[in-house]
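Across the two complexes that follow, subunit A remains constant while its partner is subunit B and subsequently subunit C.
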Partner chain A sequence: MFTRTDDKITTSQAVVFLTNTVLGAGILTMPRSITKAMQTPDAWIAILLGGLLIMPVILIMVKLCQQFPGQTIFQFSGRIIGHIPAKLVCLLLIFYFLVIGGFEIRVLAEVTLFFLLESTPMWAIVLPFIWAGTYLVSGGINAIARVYQVVFPITIFVLLLSYGVSLRLFDINHLRPVLGEGFLPIFAGLKSSILIYAGCEVVLTIVAFMQHPGQAVKAMLGGIAIPFGLYLLTAIVVIGGLSIDTVITSTWPTLDLIRSFEVTGFFVERLEFPLMVIWLMQMFCNFCSFFYQASLGISQLFKLSIQPVIFALVPVIFLSAMAAKSIQDIFAVGDAIGMMSIGLFLLVTVPLLLIWLLRKKGDQIHG
Partner chain B sequence: MSTMIEYIPDWSTWGMAGIALLVPILGHLLYQKVYHFIGTGTHLHDAAPTTPSEPSSEAGNTFSGNYDKDLCYIQDKLGANSDVCFREFTLHQLGVRGTLLYVDGMQNDRLLQLKIMTFLMYEATAEKLASPSTDEAGLPFLQLQEASNLDGFNHAILFGHFGLLIEGMPIGLLIEQPDARNRPILEPLSEALLRGPRVGFTEILSENTSMLRRQGMSDQLEITSYRVGTRMQRDLVLAYMKDLVNPDLLKEVQTRIERMDMDFFAESGYVEQLIEDNYLSPFQQVQNTERPDRVINALMEGRVAILLDGTPFALIVPATFSMLLQSPEDYYERWLPSSLLRIMRFGAAFLALMAPALYISFISFHPGLIPTELAISIIETRQGVPFPSLIEVLILEVAIEILREAGIRLPKPIGPAMGIVGGLIIGDAAVQAGIVSPFLVIVVAVTAISSFSIPTYSAGITLRMLRFIGMVFAAVLGIFGTILFFLLLCSHLSKLKSFGVPYLTPITPFRMRDWKDLFFRAPLSLMKRRPAMMKTQQNKRKS
Partner chain C sequence: MARCIRMLLLSCLMTLLLTSCWSSQEIENLALYSGLALDVGEPAPIEKEFEAKGATYPKQNKVMATVQIVPVKTIGTNSQKQQDQKKPYINISGSGDSILEIFRQFSIRLDQPIIGHHLKVIVVSAELLKQQPIGNVMDFLLRDNDIRPSTMVFVSQGSAKATMESNIASEVPSFHIMGMLRNRSRTSKVLKPVTLSRLDSLIYSERSFMLQNLVTGGEEVELSGAGIIKGSSGKWIGTLNQTDTQCLAWIRNEGTAGTIKVNEGNNNVITYELEDMKSKVTPKVDGDDISFHVELSTEGRIIEVWNDQAPSSSHLNEEEVSQLIKKQLKDMTEESIRKLQKKYQTDVAGFGNRLAIKYPSVWRKVKDRWDEVFSDSEVTFSYELQITDFGSFIED
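Right, the complex of A and B next:
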């Protein structure tokens, strides 16, 4: 067929979709949140461990989805645990997506207000951003994945460039001693280091949209490996460049690192500007993912057409972004999202898979 | 519980949430309304007003065989036209009367006309006339058609054929194709190249198709013909490589051509606007060109070309974004310089689109983001300027656009003079008078020059238009607005399709194979396959 009518995404698009969903606010805040919990320079070990923990989680989600080819969790959960419980579970997931979507926008607005548009009212930043997202999300998963594919290479390029240039501040002594206080702080940081992968629940729906679901395992692991690598790099570069004392006291340590040096003889002397640009675009991608997931969930759960659902969710997202009162609230929400992410995995994915396996076994025995 | 209540937002936030809901819904409704409103003009009927042109046997008055009666009928229908000539004569061999009918100015070969007259008057015999189109005894004309009904005969005469009516014959003969004067073949005006063929299409369709044929010998180049226009008909042809083009694509193009409903097609722009996918998009989804070599290259990639009689602009479908920034020269020059030029063009397109928006956001919102010394020197030069940066940029941008528009209208000898007056004197005087800052003149000049470097004229117009929207975004929200503008543009482009091909292919959907002809132009020896996005029947370029 010359014209594709099915709304499927290619394997590379699926990889980028997951990457752009996970890679977001964490880039700017993660070094602080982990280091604060650990009080040692070993954040990178915590991230390494967190990454290793998240891989099997992703694997389990993919395996669960592959039992029901072409169906999202909103469609197949009913077949496992019955309609009413499934609705409850899915609503939980949708609520989670809405909260995290609002959270991303709020963080974006805070950073923009602080660095770019001082004394601008918050709604003036939030509203146009949501509307732009609405336009993209109305295009369906294919349009979203395509925008991600455009944004992704720019992000990677600028991110690696700024990290590369910031290596001039890098001091290996800032990262020492390794495991100076033993393994205990690592476990303290492990919680924060898993939180940065919040949002990986989109796996539960992306697999259904893949053109070649057989490659889902590879694609999803690849999709989580990219942010994993970037987060690891961020932690090493930021803590190595700033030392843990500065990192703990700074609100946006990564931006502070990039702001702290000048590249003379370059048109843009400080790389803070390109970093802000790609970060804003990245937040847009993040937000659109969650927005789309939430509207997809509601439309599939209640069998509504997706366009009105998208419109109806616009004010909900807006309220969820405006609800927090201070920056402390926002970080509290961020922590809560991380806990919800773990909770959802333990309460939704694992039971679903177990029940499915039991029922399958039962079917085989009873013939 | 009280903390819960504390976090419930106040009324103004709820109000804004309402606005947040209303704006996209209204926008969506407006879009749908406008889209359908315009759409009704395009697809009014399901019936096909455009027909593949075959020798039509439409009902009409047939020749009665009575010479006087037929001639009377023709004179009745055509006699009011002062440019239709009736030349009556006697065929001396047979002793019967005949009439030659033609439109003045449509046949220009005097020698040929003389020969025809000589033959008819003194040499034509009964048996030759009895079976005009058979081989042995037929009439010695290259082009010979028999018209069986009077109205078709009249049409053909008005279109430039020689009509011949002879006493005692129940048919009209059409001899010699129209041969009106044509301009010489010139170098294409809108797409000049340093290296490459210098021919451009002309207004005559048959000449244009022959130019395509002359590009090379292949029995696979197929040219099918249509009659378009409901009131005044015109010829339109589709050209494609039979063994390359994807049959589904071809069918889609044919359906859209057949669905066009318009009384007259003045230029191929009419066709373009009636067959494009999204008529609310600022981007063109059909490429137009005057270069036969560009058309043939597109055909070799599996695309389809549409040529209309009466215009030198051929259309190529489907078009993708990257095509707008490619020039045929990229392939004629060696690959390294070509790649460099192509990358430069992408940069220029970016500047043409974004430079004024970036200027506004840096100057008005974030002078801290540019190097301090640069910021200081720019702000120093802006000291006396009384306007905010948006107005300042608008003054100069609008002036440049007017200059450019004026430059097209002016006769050639005056054009450069106006460029000097407009560009140099006004620009300099505006700076001296303190209306704009000198740095802005640089920005606007760079923008204008960048937009000149875009090889497709119509793509340049799109970028010029979008530039102003970008400026408004930047004026409202600074760099945040500019990024939002960029993201909106990306969202739009990724939704857009041209005849089923996503507009941003091969960037996304990602097709590694086609990247060798995107920012870079890989060496020809590596271009072993046709573009994957076209899904051609045979994708190997080399055996």
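Right, the complex of A and C next:
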């Protein structure tokens, strides 16, 4: 494979980039968060609806970016709303990326501590991952995208394998009655089913790096469709396998599903360990995405070289990961991230696009 | 130069990655337990001796926990002679008020830390479940991160500790119990195993349920019938016998095989082997009246016939035999349902689930007092029986 020196990614790399950014810790907790809000086994319907809602969101982001070929939001927002407001908006976005980056790495450490390495100190898990991430991120978007291309098929294979074997617990009656309580619970679950796409804001920058920006719509919709499909599958398999009563009380329902059976005679009897170890890579990818976005934002916003920025952000990410005191705090941060994600979309993306369209129209009339 | 320094720094950092297994523990130094028995709290004999010498701590003895440790040391490494003398497991009991505290108490009695990654079987005595709700007893086991949710849960008539004993050398009783579950392919008297993850949902939803019952005799264990746990109190209220268990497994559509035997006259026996058993439960709602219709259907063969008359003149009439078996089946199932509705007043046969699926709005109204509502519901049966063959004999 040849090494590219320009910072461009192919269409398929862009798809995987978005998938690996969105798909991460959410899959481990999502069945619980949605079911808890709904109290019915209809989580999959909420996810279907959530997916339908997220598609236009992605579309709007892509359309906005396509107005400024080759430029990221950190570069073009100034041209829309002026330099000072743009700086504020971008700082908000950077702050968001730092929080979510820290969150991903913290969840990674939390799962590892609880199930794999009980007496290892938190920092000893967090730090190596941050360092490895630093190394990867300093290689630029091309290096990141190529790592994602390697990781993606492995993680998805192990995930699907685990789900496949877990079908022995699957009972369709756990998913019934469908819409037994009507449509109302669906709306209660809708919030949680949109929050799982938090992080899709990376669309605002990766479109600029695409070799063929014309294919951006296809690529980004494809990139969000993969997590969407896997979320749907997860909800069906986990709730069908465990029933909603178990899912509601379980901290990590997806892992508990895999822990609920033993495959005697298979080359590994317990699939949760391979799944967890492999899924760490996926969460690492998430983290790298956000780390990269944050460093890119700062470097473009303040016209700094990206390498020192990356190193300067290491302690910030570390603090952001270690700030939460308990698992309750972490889930609270997770919820806050989801709300921020919605807020950013409503306060940043939509206004930016509207203002740009208005100005363009104005230019046409006056021009 | 700068590049040189950077490489040097990087290689220093790399050493951090080499530490690898921070929390590694050698398996030889761990006491893996494969079985856990929970009994009514009273000091175990050894503990009494300890306590007589003042070796005790403040406790009320609510529960006695017995763990079955499978020492890695003895398996495979020792010579044949030693294995013959020594049982391949160690049972250690302690009593106290919290299961974790009892486990930690084992740490001052054993030379190795006990570890629950390989727990397979949990047996709780019915006596304990009479005193304590199952939610309390199982709470730690459901929360712990070592114990897998795939662990099977049983209830024992009599001492649970006794189920963890075996007189067969080189056999670990907890593995033995696990193995017995595989016989579900031969009989439907063995219930679909309740794992910790299923138990979690059963406890959380506060519905009544059955746990496979274990009976011991002469250091042998039998899977016999089912213990009923009342959902509202979480306590054990009684045992269903083997026939009831078979019927309920059938109604719940969880059975795969079994036999129906008809005693006819003084010495005539006809045995029907179930090759296929299905059930379809249809709830009916009429105003406030809830009733259920159960269609049981089966295919099977007549596999054993004892007859007073000479074999040559003992031709079986398919229609007659089928009526005999149906009648036997009717007696069995009606008796089981009568027991559930009148004696125990609980629904452990899954009728509530069917209602919840078919009529969610009705279910919402009655679910908090479902056991009582069920006891007053009418349950009707219809049977469909298909005799496929008479073994390798030809009858007409």
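Simple rule for what comes next: the second predicted complex is superposed on the first by the 362 of 367 C-alpha atoms of A that agree within 3 Å, B and C clash if a C-alpha of one lies under 4 Å from a C-alpha of the other, contacts with A are read in each partner's own complex, and residues count from 1 in each chain.
Keep in mind that, in the parts below, contacts are C-beta pairs under 8 Å (C-beta built on N, C-alpha and C of every residue); 3 or more make two chains touch, one makes a residue touch a chain.
Quantities reported herein were computed from a predicted structural model and do not represent experimental measurements.
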Fit or clash between subunit C and subunit B when superposed on subunit A: clash
Which of subunit B and subunit C A:256 touches, first, second, both or neither: second
Touching partner for A:173 - first (subunit B), second (subunit C), both, neither: second
Which superposed partner A:42 touches (first subunit B, second subunit C, both, neither): neither
Touched partner set for A:270, first subunit B, second subunit C, both or neither: both
Partner chain in contact with A:110 - subunit B first, subunit C second, else both or neither: neither
Touched partner set for A:201, first subunit B, second subunit C, both or neither: neither
Partner chain(s) touched by A:124 [first = subunit B, second = subunit C, both, neither]: both
Per-residue contact with subunit A, leading partner among subunit C and subunit B: B
Which of subunit B and subunit C A:136 touches, first, second, both or neither: first
Partner chain(s) touched by A:280 [first = subunit B, second = subunit C, both, neither]: first
Overlapping segment of subunit B (options 23-31, 113-121 or 293-301) - the one that collides with subunit C in the superposed model: 23-31
Shared subunit A surface residues [contacts with subunit B and with subunit C]: 117, 120, 124, 127-128, 131, 270
Contact set on subunit C toward subunit A in their complex: 13, 16-17, 19, 21-23, 142, 145, 148-150, 195-198, 200-202, 204-205, 353, 356-358, 360-361, 363-364
Partner subunit A, residues of subunit B touching it in the complex: 6-9, 13-14, 16-21, 23-25, 27-28, 246, 248-249, 252, 365-366, 369-372, 477-481, 483-484, 486-488, 490-492, 494-495, 499-500, 502, 504, 507-510, 535
Contacting residues of subunit A [partner subunit C, same complex]: 114-115, 117-121, 124, 127-128, 131, 173, 176-177, 180-181, 242-246, 248-250, 256-257, 259-262, 270
Residue ranges of subunit A touching subunit B (in the complex, touch as defined): 1-4, 10, 12-13, 112, 116-117, 120, 123-125, 127-132, 134-136, 138-139, 143, 145-147, 149-151, 267-270, 272-273, 276-277, 280-281, 284, 307, 310-312, 314-316, 318-319, 322-325
